[in-house]
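Going in written order, the chains are labelled A, B, C and D, and every chain counts its residues from 1.
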Amino acid sequence: MLAKVYVTPKKAILDPQGKAIAHSLHTLEYNEVGDVRMGKYLEVRLQGLSRAQAEQRVEEMCRRLLANLVMEDFRFEIVEE
Amino acid sequence: MLAKVYVTPKKAILDPQGKAIAHSLHTLEYNEVGDVRMGKYLEVRLQGLSRAQAEQRVEEMCRRLLANLVMEDFRFEIVEE
Amino acid sequence: MHNTPTVTEQLALDHGLTGDEYRRILHALSRTPTFEELGVFSVMWSEHCSYKSSRRFLRQFPTTTVPGGPEILQGPGENAGIVAVDDDLAVVFKIESHNHPSFIEPYHGAATGVGGIIRDVFTMGARPIASLNSLRFGAIDHPRTPHLVKGVVAGIGGYGNCVGVPTVGGEVYFDAGYNGNILVNAFTLGTIRADRIFRASAAGVGNPVMYVGSRTGRDGIHGASLLASREFDAKSEELRPAVQVGDPFTEKLLIEACLELMQRDLIVAIQDMGAAGLTSSSVEMAGRGGTGLSLNLNKIPTREDNISPYELLLSESQERMLIVAKAGCEQDVQAIFARWDLQAEVVGHVTDDGLFRAQWDGEEVIRIPIPALTDDAPVYERPAQQPADFAARQQLDISTLPLPSDYGQVLTRLLTSPNLASKEWVFRQYDSFVCGNTVVQPGSDAAIIRLKGTGKGIGLSVDCNSRYCLLDPYRGGMIAVVEGARNLAVSGARPVALSDCLNFGSPEKPEVMWQFQQAIAGMRDACLALGLAVVSGNVSFYNETEGKPIPPTPTVASVGILSDVTHHVTQWFKQEGDLIVLLGDTQPTLGASEYLAVVHGLVAGAPPEVNLDQEKRLQQLCLTAAQQQVFSSAHDIAEGGLAVALAEACISRPEGAMGARVTLDGNLRPDVLLFGESQSRVIVSLPAASLPLLQTLTHAAHIPYAMLGEVGGSDLIITDYLQLPIAHLCHQWRTALTQQITGVRTSTDQ
Amino acid sequence: MKWGIVTFPGSLDDRDSLYGLGTVLGQHTVNLWHKDRDLKGVEAIVLPGGFSYGDYLRCGALARFSPIMQSVIEFATAGGPVLGMCNGFQILCESGLLPGALVRNRSLSYICEWTRIRVETTRTRFTAGCSAGEILRLPIKHGEGCYVTDEATLKTLKDHGQIVFRYVDATGQITESANPNGTLHNIAGVTNKAGNVVGLMPHPEHALEAMLGGEDGRKLFLSALAH
């Protein structure tokens, strides 16, 4: 089983990375680009769990380690492989 | 329109961050965790493009800037908002 | 009309103001304040911005040096203090706290602390060239400590490394007294041409006020009033969105652009937007200039939509500057910033009405007489009282303490305890090379940087022993100053001035106020005796958790000058066969020592006494000896006493450890002799041929000395007490902190 | 010799390189601005350390698109000597002038310390004055200095002698404990096939003066002169 975890900066929080990337894209004349936000994408391989267990465990991992809840939001999907 | 871009380290390439996260998860006794890969997740807001145009432009942005093809793979989705 | 809450006394209380203060506002305005005005008063009258409990005490510090000392070009009151190095060159420096934000979000809290202090320095026109940091964490085995340490250290590095200012020194202590309230104090020093100093004083009616740097978001609204001026409780978790994220890249652009701007004659004043953001920078600039200032809030560049005028005034978004330009120079200013991809906007102008005014959608939301926010802000004489257990805690009968059976083991234990273990795990994460001036890297008593093109150098050290301050704040404050100066003097830098960061609990507690006053008195007396000026500083009150104040921590960042930078001295032994000599004498004291705490679990006794006169002569001797290049090494004896200092002189040498054979005379108890922390002592090593010169110097200075032994061999031998293989000791000392913080054991000896 | 030192927004060691090459080594130096295309007739180019564009996205990724880099690429392709140090190395990799890429240190922490590197080839413009196997003491200071590449590229690097520097211990041995950041095969620096473009993570410009800790960095710059 694979958990795909998406961690994104909270909306009100400054995202200097996203800002710099947007600036570069504009320099490269991608003028259609508006705002860019940059977050993390994690693939966590899991063994020996039921889907329900996986949901609950990954939620906990996100809260404890994978996301910094002071500044980040997260969501995830569990997929069978 | 929003492009969701996922950039992931290539299989053959060392991913120190993924390794460190897996290690920390094991320390926290998530023994069900196998391999962890850490990549990037970008949200790029786009204006005034058709879907087909968007596909083509974002593909180009990824190749030129958003991913380093020496060490990373990418994929993306275009979603209407 | 925009919608705002109705202003009532209750709303004022919710802003952290008192009922009396609210009535004072009504009186100052002769009307009810607007919601925005209430916000402005609450931040400007907060302890953090107004110094309302501390101001009268800070006046006791000497702010000029002794006759013949360097000229103080700027004392307290500006963004940073300035000391002349010679006719052309001066150094600008300041230390500041970022304690509460770092506890909530260690990485970004510490990072933005570094960003803020760097802005204070380049705001004056100086190029920042060196940083220090002073850190206090809870007990090393407290569950949150490793997380906080890793985050804070990574944050300091993350910002400092990226902005290109080397971190050349600092200090780190662990003590259960900081379990719920860590301290992060950051210091930066810059260099400036003495005739190019910029001060933040708004002048010239009609001159445009310009905003430059990052756009304003809702970051840290109420940071200054709520975070820095209120103690912590469980509710502080709710303040989490108040975290600010730093962008060192933008700061680097701001540094370069502002320094370029200041080469030209285009601006009148410049000030960074720190705590209380746009409000305090506007008010302070107008206050210093005796003018007024009017802002059009609709012109402030924003990061999000629908930011209210209240939020615009109070936001603490980072990396922003406010500039008063010369009328007609707006476009030239904009052109310079554009070169660095930064935008500068005209957001207001200087007025002559003595008012702080702000418009939103054509409506005046702020109209406050500036003095009401500055000179006429409340000042408190808070009651002070010696803690009831003060005398009891100073009692210590060492005759009841069992003597250790194995002194080698005790020494090893001390050297691997977190406060004495090598801080390499920390400073390895900081760029200490950039700027190309670092002559002595972290790891010796003081960092030494050169001043390019002058042959001169600057010595830097940051010090405070808060256990001393807890047991006797007067003596603790004194020792913080004395130790800082001594660290400089042994390194060959003449101590001239300092910046202090006074970290204490709630000033509303009489015991804390007493500690505060005592510490200041001790620091003042030391400064007067040693001829040092206090040129800048910062007060951080309300460092408490659940009603329990931290140990008093008046951190002292000391700055010294080397007229010839090649005459610096480092703390480690260098040459087999060199003689080892102890300068100063050893008193029968164990009070407040690291040994008592680590080995006997005791925080008790009186801290060591200081004879300021002897201290001054000792420091002068060290400086003279450095100039005459008498010493191979010189090391201040501090926590852990003589044995720890000897061991450090053996093991801290970057190129590899060196042994020593030493015999100690005297009829003191062995643990007092080895681990007591008597002040005014230095261990030096020197070639035998230089001994007569040293004897002449000690004789002239009336400083007692003792021949201890000589450098060499593969062991540290203290005759009759201990013999330890030096390579192993070095390895244990260097890796202990890494192990305790990361849990990783490093097995290889480098 | 006339050296051009490039300043990108976020470059940090550009000023140190200018000082080192100009004041310490007495070279003719000019500062090249990222928005320009004009190389001002320089004979060698230095891409300095730092955090160009904040090193956001990837180290060196955004710098590569600046106007000056288009000129640098032309200059390098024509055989001009180009030295990338730290962030400069990362930019050279991102630009495709050098193979491979640099990722986060194994420890995930920034590391600042003195290291030793061994000269693996003297066939480049910046090691021609060294002897093969010579050990240089240079500082590193980076968070992303772990060199990676795929097997095929690694093989080409080896076959063509493109590995220029490897981290070693005091006795010159390539050991795991001498590897500061987890880099592949202790690689500290590589060159292109022609040997005119060299990138390395250590900082020769911070090892030019004995008072600041060492002078071994001089050898790289002096090598270019000797040519």
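The definition used in the following text is that a contact is a pair of C-beta atoms (placed from the backbone, for glycine too) under 8 Å apart; a residue touches a chain by one contact, two chains touch by 3 or more.
This structure is a prediction, so every number in the text was calculated from the model and none was measured.
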- List every chain that touches both subunit A and subunit C. D
- Look at the interfaces C-D and A-D and say which one is made up of more C-beta pairs in contact. C-D
- Query: Using mean CA coordinates as chain centres, what's the subunit C-subunit D distance in Å?
  - Reply: 35
- Whole-Å separation of chain centres (CA-atom averages), subunit A against subunit D: 33
- Query: Roughly how many whole angstrom separate the Cα centroids of subunit B and subunit C?
  - Reply: 41
- Between subunit A and subunit B, what's the gap in Å when you average each chain's C-alpha atoms? 9
- Query: If you look at subunit B, which of its residues touch at least two other chains?
  - Reply: 40, 65-66
- Query: subunit C: which residues touch two or more other chains?
  - Reply: 247, 249-250, 341
- Query: Could you say which residues in subunit D touch two or more other chains, in rising order?
  - Reply: 53-54, 56-57, 62, 65
- Note on the structure: Every chain pair meeting the touch definition is listed as A-B, A-C, A-D, B-D, C-D
- Any idea which subunit C residues touch subunit D in the complex? 154, 157-158, 161-164, 247-250, 252-253, 340-341, 427-439, 441, 450, 452, 565-566, 654, 748, 750
- Note on the structure: Within their complex, subunit A touches subunit D through residues 16-17, 20-21, 24, 27-28, 38
- Residues of subunit B defined as touching subunit A within the complex: 6-8, 18, 21, 24-25, 28, 30, 32-49, 54, 57, 61, 64-66
- Message: Under the stated contact criterion, what part of subunit D meets subunit B in this complex?
- Response: 57-58, 61-62, 65, 93-94, 99-101, 103-106, 108, 146, 148-151, 182, 184
- State the interface residues of subunit C toward subunit A in the complex, per the touch definition above. 104-105, 108, 214, 217-219, 240-241, 243-245, 247, 249-250, 303-304, 317-318, 341
